[in-house]
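Just below is one structure, and these are the notes that go with it.
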Amino acid sequence: MTTFTNKAPGGTRARTSLYWRYLVEPYLYLTPAILLIALVMLFPLIVGISYSFQTVNLLHLDKGGWAGLSNYADLWADRKFWLALENTLVWTFGSVFFQFTLGLGLALLLNTRFPGRRVFQALVFLPWAVPTFLTALIWAWLFNPVIGPLPHWLAAVGALSEPYNILGDPELAIWGPITANIWYGVPFFAITLLAALQSIPSELYEAAEIDGATAWQSFTKITLPFLAPMIAITVMLRTIWIANFADLIFIMTAGGPANSTQILSTYVFTTAFKKLDFGYASTIAVALLGLLFIYAALVLALRRKFVKV
Amino acid sequence: MARLELRDIGKSYGTMEVLRDINLSVADGEFIVLVGPSGCGKSTLLRMIAGLEPITHGELLIDGRRMNDAAPRDRDIAMVFQSYALYPHMDVARNMGFSMEIRGARAEERRSKVAAAAKTLGLDVLTERLPKALSGGQRQRVAMGRAIVRDPQAFLFDEPLSNLDAALRVEMRLEIARLHHRLGATMVYVTHDQVEALTLADRIVVMNGGIVQQVGTPLELYDTPANRFVAQFIGSPTMNVLPASREGGDVRLSNGALISLEGLEGPVAELGIRPEHLDLADPDNATFTGSADVVEHLGSDTNIYAQIDGIGPLMVRQHGHVALRAGDRLGIVVQPERVHAFDATGARINS
Amino acid sequence: MSVQVRRSPLRSFGKLCAILFYLCFALFPIYWLVKISVTPDQLVYTEGTKLWPSTATLGNFGKVIFQTDFLIFFRNSLFVSLSTAAVTTLIAAAGGYAFSRFEFSGKRILVALLLLTQMFPLLMIIAPIYRIVAALGLLNSLPSLILVYTAFNIPFATFLMQSFFDGIPKDLEDAAMMDGCSRFQALRKVILPLTLPGLGATLGFIFTAAWSEILFALMLIRSNDAMTFPVGLLTFVSKFSVDWGQMMAAGVLALVPSCIFFIFIQKYLVQGLTSGAVKG
């Protein structure tokens, strides 16, 4: 800092004390946060990456030690990994697409006037308050033909040949957790998009109306361009978040049947939790991290190219 | 009460210098007004005196003691903010007594002082209200009351009246003048409004771009502005400035007119003439001839915006009514002893 | 703020349909949970898929509360969530205050770091955390969960608190300091009272997050008397897999604290989520 170098003649320690306070004081307030994050997140993160180059299995503690790239070689040859990768794509983009579409619709609806709008808003946002484990259980039950109505309805409209539990069907199982995820995530998109919508100056719409624009034209010419930057960043963050989100699948299907719902993050968890094979679990996690990193870089590059802000 | 002394004060944010070489001493009980266009560093200077902003360079002395590193509460200075900064969760009485509360004064002492201050400011019936239930003028009074209750060594005001409407502004301006008279306290007052500056100040500090342009009494600034900036900033309507050049001991204007000035030093670039120092005259033996563009009849005065042949626009103010209409021909003469000459850098060069 | 739409009967009808669709979609699963929880045992199989059972009972709630470990789980979860919320809010308030009120070198790096922690898969550190906690002998202890949850939630909570502090004019602090407060006194006497709603909202967010966390709890807690609610409920599911009524009753009870907080924080949702902090 230049402030220390151009001291006036006769400068003493007292001279710098106000600066000292201004420079150091913020760190006093931030220290607990920094310490905790460093100890509980960053340090384990580094340890976790190092695990991917070791054999760490709590069931076979005798075989510890550095393993070079052998975990990665195993990963490359692991059919389950590639299947999980494919499932991750279906899970993530299936969830994001419907969450976004329904969320945008809800936000547009909430941005209009109608009687009971406040109550309606509180009610439709309610799924967001339901703990994720409960969301998973509720939807697992809804898909259960014994106590849930969904299989019966699906059979009645001819989508299923008979009322059975789709969570047990390798072809369809992944759509169970995806449905639960859509239910849980629509409020989030609606809230963020609503906030963005409300920041659009209403004079713009009035001006457009005076100029004779139809509602559809206002939407495509004003609303969407205004929302675009917000949409890009929210969708990107949400995609990453959902790709990491293992709770719903783990509780509803635990990755089964026959790994048909195993995504990378649940694969990490089951490998660590059930097999206690921390080395391999960390390897999968590092792969997931790498993929997310590439994805984020790609989205940011595309955004820079197409959204002129 | 307190003397303030600023020696070579400077301020930088990172590499951006916003104040430079500020030297000023404020006598005990003096009313000093800092004026200048917005962004020139007035608030920053005031906040450095208050201790809210560290001083990058130079020294601040209060009653001869170096105070650069003292915390605001150790300087015994009160400040009135432009936004008033009333505590929204405290009623008027608690707002006003908060400083005593912090210093641990006894409750009844606090109450009597607050009551006294509230009475002088006409706030006695409002002491139990929250700030959000007050009008702008009342809030302003509470902010002043908060400062008075403390009985500080010096008062700082940062554009305290700029959020009020015109009528209230005049009223509160008088109130502040009375307050200064009654308390005899040292006051430093920031404004960008020259009327406030001229009416309140013992001395005015004119600032521009982080540099002090001139320090002086209101009349000194009006009569002998140090440079073109001060000349145009002080006085209303704004001073006319005309391009000019020196010819021997005289000054030649672009319409050919010759004006003789006393005590000229160096080459002349411009002449400054206040609108009230121009007089209407017979066009045949006038310094300027031209036609009236717009004429404003204000009752007490008449403002004439004229187009002068060979020069361009010029403004004239005449006392009382003048029977002149837009389009009329007119002639104008100058009072030479009240003309200001500036060189190419804008500095004043006549005595 | 709202868009004025010209009224046409077709459009109103479409809007009504949309409103109904969203309402049903949002509420039906919750309704179903409540419905099964009040269905008597003997009716579950015969009337399980009906919209409302012929008789309703609160018996399942009684059984869950008094004949299972429900109360232990509930108490553990309440302890973990409340402690996490309190500690996190305190630390995040300090951090958010620093971000809001100071310009200092390293600020941008810190902000970037906090944002980064929101991006990487938390599961990535589940193995190292397990080993560290095990090495410290803290497996099956609630404080270890509180520590981990607190760290996880600090970044988001810090940004949230920053947005609340940003909404309080800096002049107020300056005025308080002129009135004789130290910076800390100004924070305590002037700023904090004004941030109370923000503190409440942050508490609510963190409480809900901690209340529903399950994967780390599964990993770090294996003994019955230290289980948090989600973990305990999962053991219900495997143990009493036929007793639907009881499970759903437990589920309804798990919903209550979240919903209470949700009602409280509802009006801060839009405000909080737009201020740079974007997380589920």
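The first chain written gets the first letter, and so on, giving A, B and C; residue counts start at 1 in each chain.
Heads up, the rule we're going with is that a residue touches a chain if its C-beta (ideal position, glycine included) is under 8 Å from a C-beta of that chain, and two chains touch if they have at least 3 such contacts.
Being a predicted model, the structure only gives us computed values, none of them experimental.
Asker: Hey, which chain ends up farthest from chain A, C-alpha centres compared?
Answerer: B
Asker: Kindly indicate the chain pair that has more C-beta pairs in contact than all others.
Answerer: Top of the contact-pair ranking: A-C.
Asker: Mind checking the centre-to-centre distance between chain A and chain B? Centres are C-alpha means, answer in whole Å.
Answerer: Spacing between the chain centres: roughly 57 Å.
Asker: If you average the Cα atoms of chain A and of chain C to get two centres, how far apart are those centres in Å?
Answerer: About 16 Å, centre to centre.
Asker: Among all residues of chain C, which ones touch two or more of the remaining chains?
Answerer: Residue numbers touching two or more other chains: none in chain C.
Asker: Among the residues of chain A, pick out those that touch two or more other chains and give their numbers.
Answerer: Where chain A meets two or more other chains at a single residue, that happens at 22.
Asker: Any idea which chain A residues touch chain C in the complex?
Answerer: 1, 22-23, 25-27, 29-30, 32-34, 36-37, 39-45, 47-48, 51, 56, 102, 105-106, 109, 111-114, 120-135, 137-139, 141-142, 145-149, 152, 183, 185-188, 191-192, 194-196, 198-199, 202, 205, 209, 215, 218, 233-234, 237-238, 240-241, 243-247, 250-251, 265, 268-269, 272-273, 278, 281-282, 285-286, 288-289, 292, 296
Asker: Which positions of chain B touch chain C when the two form their complex?
Answerer: On the chain B side, the touching residues are 47, 50-52, 71-73, 77-79, 81, 83, 85-89, 98-99, 102-103, 146, 150.
Asker: Report the residues of chain C in contact with chain B in the complex, numbered from low to high.
Answerer: Interface residues on the chain C side: 169, 171-172, 174-182, 185, 189-190, 193-194.
Asker: Please name which positions on chain C make contact with chain A in the complex.
Answerer: Within the complex, chain C touches chain A at residues 1-6, 15, 18-19, 22-23, 25-27, 29-30, 32-33, 36, 44-45, 48-49, 51, 91-92, 94-95, 97-99, 101-102, 104-105, 107, 110, 113-114, 117-132, 147-148, 150-152, 154-155, 158, 183, 208, 211-212, 214-215, 218-219, 230, 233-234, 237, 244, 247-248, 251, 254-255, 258-259, 261-263, 266, 269-271, 273-274, 278-280.
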